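In what follows, subunit A forms one complex with subunit B and a second complex with subunit C.
Coming up: the complex of A and B.
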């Protein structure tokens, strides 16, 4: 099912798909607003229906892929083709994001004000990185493009990324020093717990209670930390996770059934 | 200014310099601090230790350079252990930087342990849309993976003998997710839970409290908690590389934060007491 094609046929498929999508978009743009809304709602419903039906319909032993011991129903064999198609659609969403950024920064760059330089920097870094990386990954890539790719990815991007993340440590230190003050009972409890968890996390902290004999193991800071994390923290975060899960389910249902208003279905 | 007031209002630039020193100085000092291995790290180590040679392990590596300080040593420790045990392993990423970063680690350690790409390990590269991808992945791995990081056909068993017998998620003996994000939940939902694949997680320290839920419920069998976890794992492996020094840096940074929090609070309480004695507002 959905076997990949190569050579000239591949180009024909890509071209055909582009023409089809362009025609569909042209037809959609001619339709009245109400009709467009119903089409989007119907496509969303059908899209979501696939996985819901595949999950809820009764299953029976069947051959799925190369697995003779699998369980499934008549929709199960379509899971693998869907897994190949849907990520491609998701990748298109990244492309839409790039188009959006180009539109936004294009306008800002053309305004020629003090902020234009930032937008120009965006174009230079985005196009430069993409061009160099694609060139360096070609089978016949020149040593220069490979070296440039290495410089931009390993020399610039990775270190900038690490630097941005490392800066957080400085802010956390400053914020923790200023915010953690024992002004109330709750703040005192929070402070004491934070200190125990931090001490239990590090070797120096564990060293502080290492002298306590094994008989009183429960007094070791790492044991207390473990107890706090598993007996107090875990139930609390689990309750939050369940709440979030139910909320996500409700939002998902609203989007799937077309009940959600705003940017999902309205212009 | 009164000393108690100064202790409560230390300039942030002073804190920044002290933090920088506490993080960087341990790199130049040989300080060996005792390390107690946590039950979660021990469980992960034991699981890998009990794998048979040639068992297939999936390393779901989803970190970028931003968390290299923690996730890098975790990845190194796990790959070292898998190569020592002669287990086969594949690396898969939903984070674009990961394939390049983990390829470099596997290539370097592969030379040390005689582990060959395509035979003992494989890099499946970067993919998008984790949920839909994994739904198909668990059913038919070669049909969904298709190509390696270098766009080579994974079904070519002459070039990739590692793929022999790998059809569905049931062929994976252990799944380990190394990530600073909650992508592990997607793996729990669509791979570990759906196909009963044993799973472990190597999160960053900040993620540890959240991951404890899944450890406590038995949905994951072990965890390597952040950089300290990597240090613990290294002590189990008997290797002593830069991870121990990194762990010392983290220790000193934590101590600095605790010290300043305590100093600030003690100064505040003493000042209140002085004010109360003097008849001023507490």
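Coming up: the complex of A and C.
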């Protein structure tokens, strides 16, 4: 049944699948709200069941992919097909954001005011970039599409991206100047650490403490910076990561088992 | 025309790059039409690239080719299931969108076990470090001689600081009981102070990363674009100085003539 087919049979199977799913959804739409909620909860449970069972079920030596000495169970060979299918399904969601942007800028473009030109520029650049990039990545791509792809990606997008993020340097500096005041222990520690980390990274900062004799090299700004990053920053980040990991596990378990309450699950 | 573009791709890239860079930097003077135009171009190019990338890197190789070229018709269910997302725009059918969203929430929950076991759990035992200084020596582990490195006094002290930091920061986030008493409250407070080191380090590293991008932009304008467009980096530097002078003039002289908002 799942064997590859060609020609008219392919169209028949695809069309049949579409009709089958449409009919199934039409029937399910007639169910009461409570039953629909159980359907969503069941699909959520099934979605997590594969990875949970693959993790919890006992493993034994088996051939997984090209590795003959791997450990796994009967679900392990399906990890790679799942890793191919799941990104394809989630890639379908990219249209949601595009539709939102098109709705917003479509309305603005039709208003014909001073801002309309910006929304038109959005449409032209969006459609142009998508068309050119797809055309330039095809095996039979023309030299023109490759050249345009390079101009739009390396010439425009990469430069815009780098410039936009470099502008943030000005914003952060300006915001920090206005917001940071050494009024509490916390603010003092934060400000002092930021200054040491920045000075320790640049040559001029390192020159400030270069006169200190080697015997007291632990007072060099780059040594202090390194000590802060490895002995304070690393364990604090690790503690936050451990907390996040435990939290994610707890929330994941609640969602998976349908225990979570809120607008998403209750309506 | 197409041949001209192909032959002069590098020149077009330089001019487009320079225009985009200067167009966005015009924001440093004040919010203006040129900046907004380039901002929208950036948004459009990013969106277009994201859509194209999803097609070229994911949908085409993982869905379209197997289904269309190899005849694996059942791959149609991938896009049928993915199309459930779009029912979110329908009031009556929004529950169908929840099926696919729920499925991915479930998948993420299932993967959370593996993530916890592979990423988080190994960090807990590795946070326990030796605290007693000792010279280098060998020990027998599973019948093999294993070298244990020397632990100096300062190394032991650093290990202690490492463990105290992990403990105190975790204590700060421990809300299962009220944070009362000298030990619990004190360690939570110390945890908050220690986290400030982390936030300061992140803040400093972020500024340095953004400044590195700014230096890269200046390098692009002066050393890549300038010599090819105006013959030398010095000429480009002079043009940039003139532009900065114009901005300063506009900021200092012209803006004085227009009353501030609320003053009129």
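General observations
What we mean here is this: the second predicted complex is superposed on the first by the 191 of 267 C-alpha atoms of A that agree within 3 Å, B and C clash if a C-alpha of one lies under 4 Å from a C-alpha of the other, contacts with A are read in each partner's own complex, and residues count from 1 in each chain.
Note that contacts are C-beta pairs under 8 Å (C-beta built on N, C-alpha and C of every residue); 3 or more make two chains touch, one makes a residue touch a chain.
Small disclaimer: the values here were computed from a predicted structure and weren't measured.
Taking subunit B and subunit C in turn and counting the residues of subunit A each one touches, the greater count comes from C. In the superposed model, A:259 lies in contact with neither subunit B nor subunit C. In the superposition on chain A, A:162 makes contact with both subunit B and subunit C. When the two complexes are overlaid on their common chain A, residue A:204 makes contact with subunit B while staying clear of subunit C.
In the superposed model, A:57 lies in contact with neither subunit B nor subunit C. In the superposition on chain A, no contact is made by A:27 with either subunit B or subunit C. Once the two complexes are laid over each other on the shared chain, residue contacts for A:233 go to subunit B and to subunit C alike. In the overlay built on the shared chain, the residue A:181 is in contact with subunit B alone; subunit C does not reach it. After overlaying the two complexes on the shared chain, residue contacts for A:35 are found with neither subunit B nor subunit C.
Legend: residue contacts after superposition of the two complexes on their common chain; A:19 is shown touching neither subunit B nor subunit C. Common to the subunit B-facing and subunit C-facing surfaces of subunit A are residues 4, 51, 84, 86-87, 89-91, 94, 153, 157-159, 161-162, 164-166, 169-170, 172-173, 176, 191, 195, 198, 201-202, 229, 233-234, 237-238, 241.
Note for the complex: subunit C touches subunit A at residues 2, 5-6, 9, 12-18, 20-21, 24-25, 27-28, 33, 36-56, 58-59, 62-63, 70-74, 76-83, 85-86, 88-89, 92-93, 95-96, 98-117, 119-121, 123-124, 127, 158, 161-163, 165-170, 173, 191-201, 203-208, 210-211, 213-214, 216-217, 220.
Across the complex, subunit A meets subunit B through its residues 4, 51, 64-67, 70, 76, 79-84, 86-87, 89-91, 94, 153, 157-159, 161-162, 164-166, 169-170, 172-174, 176-178, 180-182, 191, 195, 198-199, 201-207, 210, 220, 222, 226, 229-230, 233-234, 237-238, 241. By the touch criterion given at the top, residues 10, 12, 15-16, 19, 23, 33-36, 38-39, 64-69, 97, 100-101, 127-129, 132-137, 139-140, 143-144, 146, 167-168, 170, 205, 208-210, 212-213, 216, 225-226, 228, 231, 247-248, 250-258, 260-262, 264-265, 268-269 of subunit B touch subunit A in their complex.
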